[in-house]
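Two complexes follow with chain A in common, the first pairing it with chain B and the second with chain C.
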Partner chain A sequence: MSQLNAAARAPLDSRAKMIEFHEVHKYYGDYHALRGISATIREGEFFSLLGPSGCGKTTLLRTIAGFEDISSGAVLIDGKDMSDVAPNKRPTNMVFQSYAIFPHLTVGENVGFGLRRDPRSKAEKAKAVEEALEMVGLKGYGARAAHALSGGQRQRVALARALILKPKVLLLDEPLSALDKKIREQMQVELIKLQREVGITFVLVTHDQEEALVMSDRIAVMFEGEIAQLADPETLYRRPNSRRVADFIGVMNFLPAQILGEAAGHVQLEVGGLGRFEVTEEQASARASGAEPVVGFRPETLTILYEGQQAHDREAPATIDEVVYYGDMTYYDVKLDGVDAPVRISMRNVFGRPVLDVGTRTRVAWSAGALVLFR
Partner chain B sequence: MKFSSLKGYAFLYLVFLYAPIVLLPVFAFNSGTIIAFPLKGFTLDWFRDLFANQTLGLALKNSLIIAVSTSILSTTLGVFAARASTRFKFPGKTGVMGLIMLPLVLPEIIIASSLLVVLLAVGMPLSLFTVILGHTLMATPYAIAVLNAAFSSLDRSLEEAAYDLGETKWSTFRLIILPLVTPGIISSALMSFTISLDEFIVAFSLAGKETTLPIYIFSQLRFPKQIPMIMALGTCLVVASIVLLATAEYFRRRGLAKTGAKDTGGFL
Partner chain C sequence: MAASPLKRWARSEAVNGYMMISPTLIYAILLLAAPLVTLVAYSFFTDGYLVVIPDLTTANYAEAWSDPIFRSILLRSVIVSGLVTLVTVVLAFPIAYFISFHVPAAKKSRWLFLITIPFWTSYLIRVFQWKVILNYNGVINSILTGLGLTDHPLQMLNSIGAISITLAHAYAPFAILPIFVSLEKIDRSLLEAGLDLGENRLLTFWRVTLPLAMPGVIGAVMIVFIPTIGDYVTPELIGGGKLPMVANVIYQQLLKIDNKPLGSAMAISAMLVVAAVALVFLFLNRRFLRGSK
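Showing the complex of A and B:
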């Protein structure tokens, strides 16, 4: 999906810098909320701040909008230092988590609120409001009372209200978290389309890793006021740089590993259940959280082999310990021979291929190239 | 239906609360000069006396001037204080708010005598103005209590959104905050008005030669033959209160309906 987003546009690195954080620190009293954030967000990028609750995502977003003063460092927007620029003078607009729809105004008045100081004629402004409403799929809603709208509709009004000002940057603080799953997924796709249509830089705050993966060009994963990893979704998913990031994004299986030696850009390992093999240096750059090295692999990188199937690369004997059927997918927890803790494998269900029972002896196909070594 | 003890309690409560008020119009239209049953006959004489009474007219006018001024002053001060206490953090906030709210628990007689001492010491002549000051001091804590509730139920991101959309802090206040706290402002104004209108002790101490409605009524209670007229006056006041309350509640509910806010209790 992120490919869908990034497709047919200039590569990120060649685009102008839209937002720059230089060593941004923020203290609330004694509490160190932002601990030296440095990052660059490019023009037209869909950028996400992802992390658990309380890690400082909202605080960082609000430093862009100007609602939080920073304790040290600098925030630049479009090359200009923002330290002396008030929120109402910044080229940013925000979609608030609560949407902040003005309840005493109509939908149209809400959307047109930012045009109050616009020198255009009344008719032109009305037209702009109508266009903004149409863009978010609320054509003809202008005269309605804003407080009577559903959650999804409020969200659209908040979007239209922010986008009508054609900001350089649109800031979104968990805009979808209050919506039902179905509407949320629908809005994710609509937001991606909208962003491509308007070409504005979007900065999204979310604690939902799936949402971030689906929507973003790049993601900054934050823990405790620091950026732990900044990468595109695929890199983040396939090559997390620490066990903490790996744990936070998707499901990752871990097995204790023993490092036997290193030579010529390769690391030799011995892993219970998988045996001896080697990985490249590139796969071995991630940090473990403890002293013990572990290898990690995603559930879909392993495959259960049926009778007569051959592994492309390597295989390991195992027993099925638990089966969770999801309709399109089945999750198997399998015990590799010689390992007590089960690992999770996800298999796409294929017509004519039975779901295996608990206790079945089987073989698991795997490949050393799909592993990440955390050390 | 079984008459539970709780229902009985509620019934008695209402009787005690409203029986005296029901008696007001009964005797206001009774032609006998003595307040006692049996009733004699129907008359409008007491109302005629009432409207012909110039001292009373003056007292009423004074009271209205005081009450309206108090209402405006204490509500305005209340808006500032409530805004400050709900939105800003500043050193000594708890102490300052505590001091502002103190008159709520001080006996009126203490407020009245200490104000009198201060005013005499500064050499300020007693007048309607000094009563307004005293009443504002008394009514402001009530205004703040009501307005605090209104301000603290405001979502902070509403004002940030307006600021973000290019408005200044002041225009945000005018365009977003003020309209949304209007129901609270109406409640506060009405409450301050009522507190001032029927206040006796402070008015009596600080009015000097002037007369207010409660002072006048109190002075007339010594003359039995004036009592039926006071009953007529009381009847008028009850009707006026009901009209005022109903109007305020109408505007409050209309404000709520317009913003779709939850009704958190009003007057009616």
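Showing the complex of A and C:
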């Protein structure tokens, strides 16, 4: 194992700061695109900027590359203020959304584009190009015309072209959005492996929450020029800090809740269909979008109980309202007794378990610990 | 019931296709192919003083090419139009670049519209205007003598320089438009990629923008070079008839001296020279013209 790899495996907090945003603001005329972004990205981290289009995630990425000037605040890379550093002098390289492969050059010339000032001999550079191509699985493609490549291959060329320069930070602007599903999933895994191998800090921009969850060490969820939540994927999924984040990442069911009281780090609730129970303060820290408190839970935290099955914790009576069969999974929309709005429950179709029909009376198993209270 | 072979033929896709393009086809045959074929035929016929005798001969070509005056005029034509092309394209590039890269998208068509303004007046009048500007007692000389910069008015007309300036002005929009189009087609993220990979703006221009704009530059060269070599009006008016180009001698042979076969042979010779120069130029630049998406 290389030293870089060892550094990459060290806990995040102990690693050096690679990118720091200090109160970054960006205006386009009157439009406030970035509204006071402050965050730190650590060395060797796979960091994602996730959000809907127009949330400022690409703008923020481009401030790292130097393609966007910031209106106020500071961007530091490896401890150095970048405000007066031109894009071509920054220790970053970018994989563009369109890949930006030079169509007039061969694959090899594309990959070697940034090596012009490199003092190494021609033969050494050619070897470096060949190695970079091998790293992204395009060994022997050097002489091919770049414009004849497929989308996935272009993406690999763009990666090799950036990584050959050994940047401190690799910036990826929606690199997988143009690929079809199979290749995208394959590239996700390859990118993770590549990042572990080279140990470079990766900053990925994406609007695909699944992609962000799969690939990242940490994710910053952005809405309207602000970071709504910055956390590791599991925290983001299980403990979203606002209803908006919860809505954006995966599917979450919401039921109106009534807060009965708080005592000793616990909040007592009454929820229609589930009854009275209590949650911890930690579960109760998320913001609701309106004034009314709601509890949220993921579809997989509930289970439909079959005849003779016992709930581990609590159970609630319900009726099946809708069935969507996905092969490996079945999604049930279920109406809890006393609640009009259906909640979604996902069940794995393990062998021997029948798919239930609409209208079936059933019982749903749930746990208070899996809930999030938005208030 | 099976249709007769004739009806089937009339309904076939190929015939339908020809029917559909027939106006174009007729146009192309009548206005492009027929005159050319006539010219080629004439160039191999024999001159019979007032009539053309259809006896095949290569004597016209031998006469044209053995004439040192024709050869030097042809050479002058190539040099003048080469010069014009160089000046036009070099001046057109920054203009096209400016419109493509620095004019806001909404205003680009307005700029292109402005560039076509010189075309609103006839070519002949534009050439005359240059005569007014460059004349012995014209605009430039009046200014120079008026400011006391020179005692004697400069002799600017009747020179290759004057011919070149006039032609360069006339063909400027033809050069700007194709270069503009090829610059417009460049994905702007390629330029960011150039910067991102460590090159400054100048080298990014040299290594990315210029090679990608080359198809437009080559198109501009072709569009300017090919018609200027056969220009008749400018050498006549600006060159004062003292610096004839190849179109002027062809005119002389065909209409003044009435030696149609020799005139035709000269015209075909000039055409072949243009074609040869153009093909060599394209061959030298072939790497920029390789197919790309």
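We take it that the second predicted complex is superposed on the first by the 367 of 375 C-alpha atoms of A that agree within 3 Å, B and C clash if a C-alpha of one lies under 4 Å from a C-alpha of the other, contacts with A are read in each partner's own complex, and residues count from 1 in each chain.
The working rule: a contact is a pair of C-beta atoms (placed from the backbone, for glycine too) under 8 Å apart; a residue touches a chain by one contact, two chains touch by 3 or more.
Keep in mind that what you see is a predicted model, and the values were worked out from it rather than measured.
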Practice prompt. After lining both complexes up on chain A, report clash or fit for chain B versus chain C.
Written response: clash
Worksheet item: Is A:116 in contact with chain B, with chain C, with both, or with neither (first, second, both, neither)?
Response: both
Fill in: First, second, both or neither for A:306, with chain B first and chain C second
neither
Discussion item. On chain A, which stretch or stretches are contacted by chain B in one complex as well as by chain C in the other?
Written reply: 65, 67, 87-88, 92-94, 96-98, 100, 102-104, 113-114, 116-117, 145, 147, 161-162, 165
Worksheet entry | Of chain A, residues touching chain B in the complex | 65, 67, 87-88, 92-94, 96-98, 100, 102-104, 113-114, 116-117, 145, 147-148, 161-162, 165
Worksheet item: Can you list the chain C residues touching chain A in their complex?
Response: 187, 189-190, 192-200, 203, 207-208, 211-212, 288, 290-293
Practice prompt. Quick one: which bits of chain A touch chain C in the complex? Just the residue numbers, please.
Written response: 65, 67, 86-89, 92-94, 96-98, 100, 102-104, 113-114, 116-117, 145, 147, 161-162, 165
Worksheet item: Quick one: in the complex, what on chain B touches chain A?
Response: 155, 157-158, 160-168, 176, 179-180, 258-261
